[in-house]
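Across the two complexes that follow, chain A remains constant while its partner is chain B and subsequently chain C.
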Partner chain A sequence: MASNHLTGIGSESKQLATWYFTFAAIIFGAQLLFGLVAAIQYVMPGFLFELLDFSVARMLHINALVVWMVFAMFGSVYWLLPDETGIETIGIKIGKLLYWVFVAAIVVVILVYLFIQVGPADETSIWFIHEGREYIEAPRWADFGIVVVALGFVANLWLTGFKGKNSGIVTVLMADMIAFAGLYLAGMFFTDNITVDQYWWWWVIHLWVEATWEVFVGAIAAYGLITMIGAHRKVVEMWLWIEVAMLFGSGILGIGHHYFWIGTPEYWWEIGALFSALEPLPLVAMFIHVLYDWGKTQGAQDATGQEVSVINNKPAFTWFVLNAFGNFLGAGIWGFFHTLPQVNLYTHGTQFTSAHGHLAFFGAYATILIGMMYIAVQGTNGIKIMKNTRASLWAVSLIVGGVMGMTIALTIAGYVQVLVSRAQMGATWAGYFDGQSGMWFAQAMDWRLFMGAITFLGFLFLVKDLLSTGKNPVHER
Partner chain B sequence: MIEEVIMRQDIPLDDFLTIFVSSALVMVFGGFYVGIYTAVKVNLLKKWTMPLAYMFWMLTAYCLYLMGSLMHVGEFTAKALVVAAIGLLLLPHAVYFMQHRVHEENEH
Partner chain C sequence: MAKTSVWSDNRFWQRSAAWITGFAAVLLIWLTFDTAGQISMGTDADLQNKVTKRVPGPTVINYKITYEMSTKRGHEVPVIGEKEKFFGRDDWSEEEAGALLHLGKLGSQTKNCMNCHTLLGNGAYYAPDLTKAWLDPAWQNDGTMQAMTGKSTKEEAMAEFLQHPSTYPTHARMMPDLGITAEEAKGLVAFLKHMSSIDTNGFPRNFGKIQGAVNGK
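Right, the complex of A and B next:
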């Protein structure tokens, strides 16, 4: 099944994908901006006091993260569907309508977070302000909107998948996106018992991130390898099935590493520990996936006697390779650091978690989604071989350097908290403040802010490149 | 009825750094093992480097042991870590075996 991703012009599905990517990039910027505000507030607590308090800036920072990634994921699927199925996406008009519904809902929710901020703490708050569930704080009315949009998206994917040619990538996505959409429901009902509430909330957060999102990344990596380096479809799809089995196998019961914090029975310690120990394995497999296919395809090319790179989109491929490394580093290494319950007892809720969160979300998801944006830029501009520009190199260097810097700073801060707040002071209220007032912690927070600013600068280069590289004469057409 | 209270053995302060470093090295050495194994199989590295890959796996297994002992993991978790170490050892072999067969079938 040959790919025709270079002829994205004229496809309504691909046009819709570019809309999704554009809004995703805007919200990505908002995520970084509110992250910077929150980082400044750690260093200067009075900054924007009573205008945009830390809790609100943080809420906007992490919810914008989820939203831009979901938008970019939908965009990626709408982009690859015509290539994989050989037909235009079914129900594209409804898809476009739902896009505007989604955008409108997100804009209203952001405005409410910014200008209303806090509700009367009764049912009105849950329905119209926010639900208070970290990462998925959308008010109930927006929850219903998100479900409608997600179901419309899944319907388009399934109808197109059934009617067109059925590739392994589309089949995996069809199953994966059902789970993605369905799991959201687990975070929608409210219980008075915080333990029960957290139990279901983890179903959305953990199973999204460590099961459905990771499987999605596997499918996108497979598509990218076929389109960018001409990797053999059968080989790539075989990898994909292995990864799917391993990700679901370890990711689903790996949820146990959260359960022991919410009063669930003791056996969750052991289930959580076992499957958490296994969770890095599929990430290793994904790491081999890219390395192996790249090596094999380039080797076959070199064997012809011509030393020509097999990569037809250098910036996108850079982000895809960064995804393989970043996933392994952020989700694998920084995850394994503190997932086993014996040590998580000390690290949970410290800046260790934040360090892991920053590098894992960036390495595992942001990288590959930015790569998909570059694939879309290549397709919509009819570029045959897309090269790195000065802006794309600055973007990748500053963003990766900035995120790595933030991660290291937060790791140092987390280590101080583990030693002082938890191990020495026994997780007491006084220990919490002692852990935060140490010199190492304070300096780590300064560095986090500086590295956050570097990341934001890199984002500006990224935007400049995404907007201008299509017309750059450096590319081969 | 009074339920049994489960007491966990505390981790000494001096052991935290070793735990974090060894757990990071589990992944770093594991990555080297898998990376070198894969690179040799796709002819990016010479065959004589393969023992290095297994040496990294042994370092991985040692770091897992060190990390597990310092964390005072229970019997079941210790077994789980052994399974994870063996899984990592076998993973590239199994994947390469399948890869090789698929490549042969497709003359790729």
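Right, the complex of A and C next:
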């Protein structure tokens, strides 16, 4: 049965979406917890030493990040499909089965990371423990499982897209999600040549994060603007196509900025510099797009003489607007300022990258996915106009404040590291620790931990709000 | 019906998006073929014939490696010099050296090195970059690490440290014991030596200049 976005009740696709969102929120919590462990270890190196070392905490931190975002992405697609196509998602039974397969696999992988941690230097470790390759550590058995689950998801999306009404948003998602699933294959082999290893590793990481994930965000933002403020579909979809052209046009060859120093030829300097300098442009466009459509629809509403907000979901819309800001700031500005090879020669692999990573993943992806969770809360509870609660406001303030604080602290740490360890000492072992022991660096790491704790507190408010706000009588039903 | 502009036509933008994406993807694939040829691993014959490869063959462990300023390229490049003993031998065959590198690369992944260290600048930032670790002054003959482990060669000192890292702390932030065996340690050191010979376009710049690592001093 097709359903209106405001009444998710009765749609199996939307029910499956809420399952995905729930597990995503749990793993989001795990990401923050292991991030806190890793942040404590920077300040107190003896913390959990040889029990839960930094390497394990950090692996869990970044893997949980990827997994919760992928879960929330799948959830978002299952949520919007009935609205966009006008029909129930095809193959929903298999979709539900694959969900449980996926959840079970993730739980097993996490338990192995936690309790086995490292194995001998042979293929069995690669198959059953982890592959030791940043972000895509999942052991090989899980890789195959992930491919199967992803193909099932893509099949559901394609079959539904073909049978139902085919909107621009669905078309973009169909193309984007097949690229997203296909690129994972580039990270599923072993080679002795670390340069070749890193070359293909970036096909997964960069082409995901700076191409397919960004296009996904564009499609979700388009859906959100139509459902939350009633933006005109033709205008929204025109922006979406322009964004896709700009995102893929800059992002695909922007991969060159990862090929400066890994043993690849020099021509990547020019290609990487040019295209990654273009990468912020679509983010500016996305930023303008959201504010423009908001102003346009609100202006049209104001012209009727009534003082009514066009926003029917305040917390979700807040997170969507934060996405417009955060994507531009975190991915655009923080990314751009160390993307040129002349700068990157010194900043590559320092806390600068970490500062950019924290703000970009949060600003570009976490914000909009949290927004989608609020849309699902509105839909499942049949709320006409959803308002902010005290907990919504605490959640958004603490999380945004915490992540910004972490980013600024890590940026300062990055400066110290670049000046002392890299520019002055030439990146040796001793030079590295000179940089790490500097007072500014140490204080920055204290602040990072403090701001991380603030973020976690905000997460607790977020969970409370997501679980309780649906039944809160402040909303108009 | 009013005449509409092509600029406000969604079909126009849809086609533009498809063409631009296709063009960028084709260009990336074409560049990938070119790069793949340039980053494939060299052979023992290349090394003997002084053919410079961006990623030399595994038998590079039989030679002395330095990191020297190239006036032509304007930055430091790895230079493969005369023969040098590696664990007492400078005649590792292509098969033996290849097997050692294979073990080391596997070990670098199974021991999760990248989630503390950076390799070629990628990874975590909790521990030093390993790109040119083999050339680090700390492991040289009068270096602190070699002295601490009580070994007389660089490779033995590194292997000893890898097997018992918490016995030789260099900082409050210590490396944990990862159960690395003697054979695995040997492989890991071979992997590190091989990595130091990769042409990284001058990264890290001025490596160890102050401590005299540049120009083989």
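In this text, the second predicted complex is superposed on the first by the 474 of 477 C-alpha atoms of A that agree within 3 Å, B and C clash if a C-alpha of one lies under 4 Å from a C-alpha of the other, contacts with A are read in each partner's own complex, and residues count from 1 in each chain.
Definition applied: a residue touches a chain if its C-beta (ideal position, glycine included) is under 8 Å from a C-beta of that chain, and two chains touch if they have at least 3 such contacts.
From a predicted model like this one, the values you see are computed outputs, not experimental measurements.
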| item | value |
| --- | --- |
| Which superposed partner A:His348 touches (first chain B, second chain C, both, neither) | second |
| Partner chain in contact with A:Leu281 - chain B first, chain C second, else both or neither | first |
| Contacts of A:Glu84 with chain B and chain C, given as first, second, both or neither | neither |
| Chain B versus chain C as contact partner of A:Phe260, first or second or both or neither | second |
| Touching partner for A:Glu214 - first (chain B), second (chain C), both, neither | neither |
| Which superposed partner A:Phe190 touches (first chain B, second chain C, both, neither) | second |
| Which superposed partner A:Met238 touches (first chain B, second chain C, both, neither) | both |
| Touched partner set for A:Gly295, first chain B, second chain C, both or neither | first |
| Dominant toucher of chain A (residue count), chain B or chain C | C |
| First (chain B), second (chain C), both or neither touched by A:Gly132 | second |
| Footprint overlap on chain A, comparing chain B with chain C | 234, 238, 242, 266, 269, 345-346, 423-424 |
| Residues of chain A defined as touching chain B within the complex | 232, 234-235, 238-239, 242, 266, 269-270, 273-274, 277-278, 280-281, 284-285, 287-288, 291-292, 295-296, 299-300, 328, 332-333, 336-337, 340, 342-343, 345-346, 415, 418-419, 423-424 |
| List of chain A residues in touch with chain C within their complex | 38, 41-42, 45-46, 49-50, 53-56, 58-59, 117-123, 125-126, 129-134, 137, 168, 171, 190-199, 201, 234, 237-238, 241-242, 244-245, 248-249, 252-253, 255, 258-269, 271, 345-346, 348-351, 353-354, 417, 422-433, 436-437 |
| Interfacial residue positions of chain B with respect to chain A in the complex | 6, 8, 10-11, 13, 16-17, 19-20, 23-24, 26-28, 30-31, 34-35, 38-39, 41-44, 71-74, 76-77, 80-81, 83-84, 87-88, 91-92, 95, 98-99, 102-103, 105-106, 108 |
| In the complex, chain C residues that touch chain A | 8, 10, 13-14, 16-17, 20-21, 24-25, 27-28, 31-32, 34-36, 38-41, 54-55, 58, 98, 101-116, 118-129, 131-133, 136-138, 144-145, 166, 170-174, 176-181, 184, 187, 191, 195, 198-211, 213-214 |
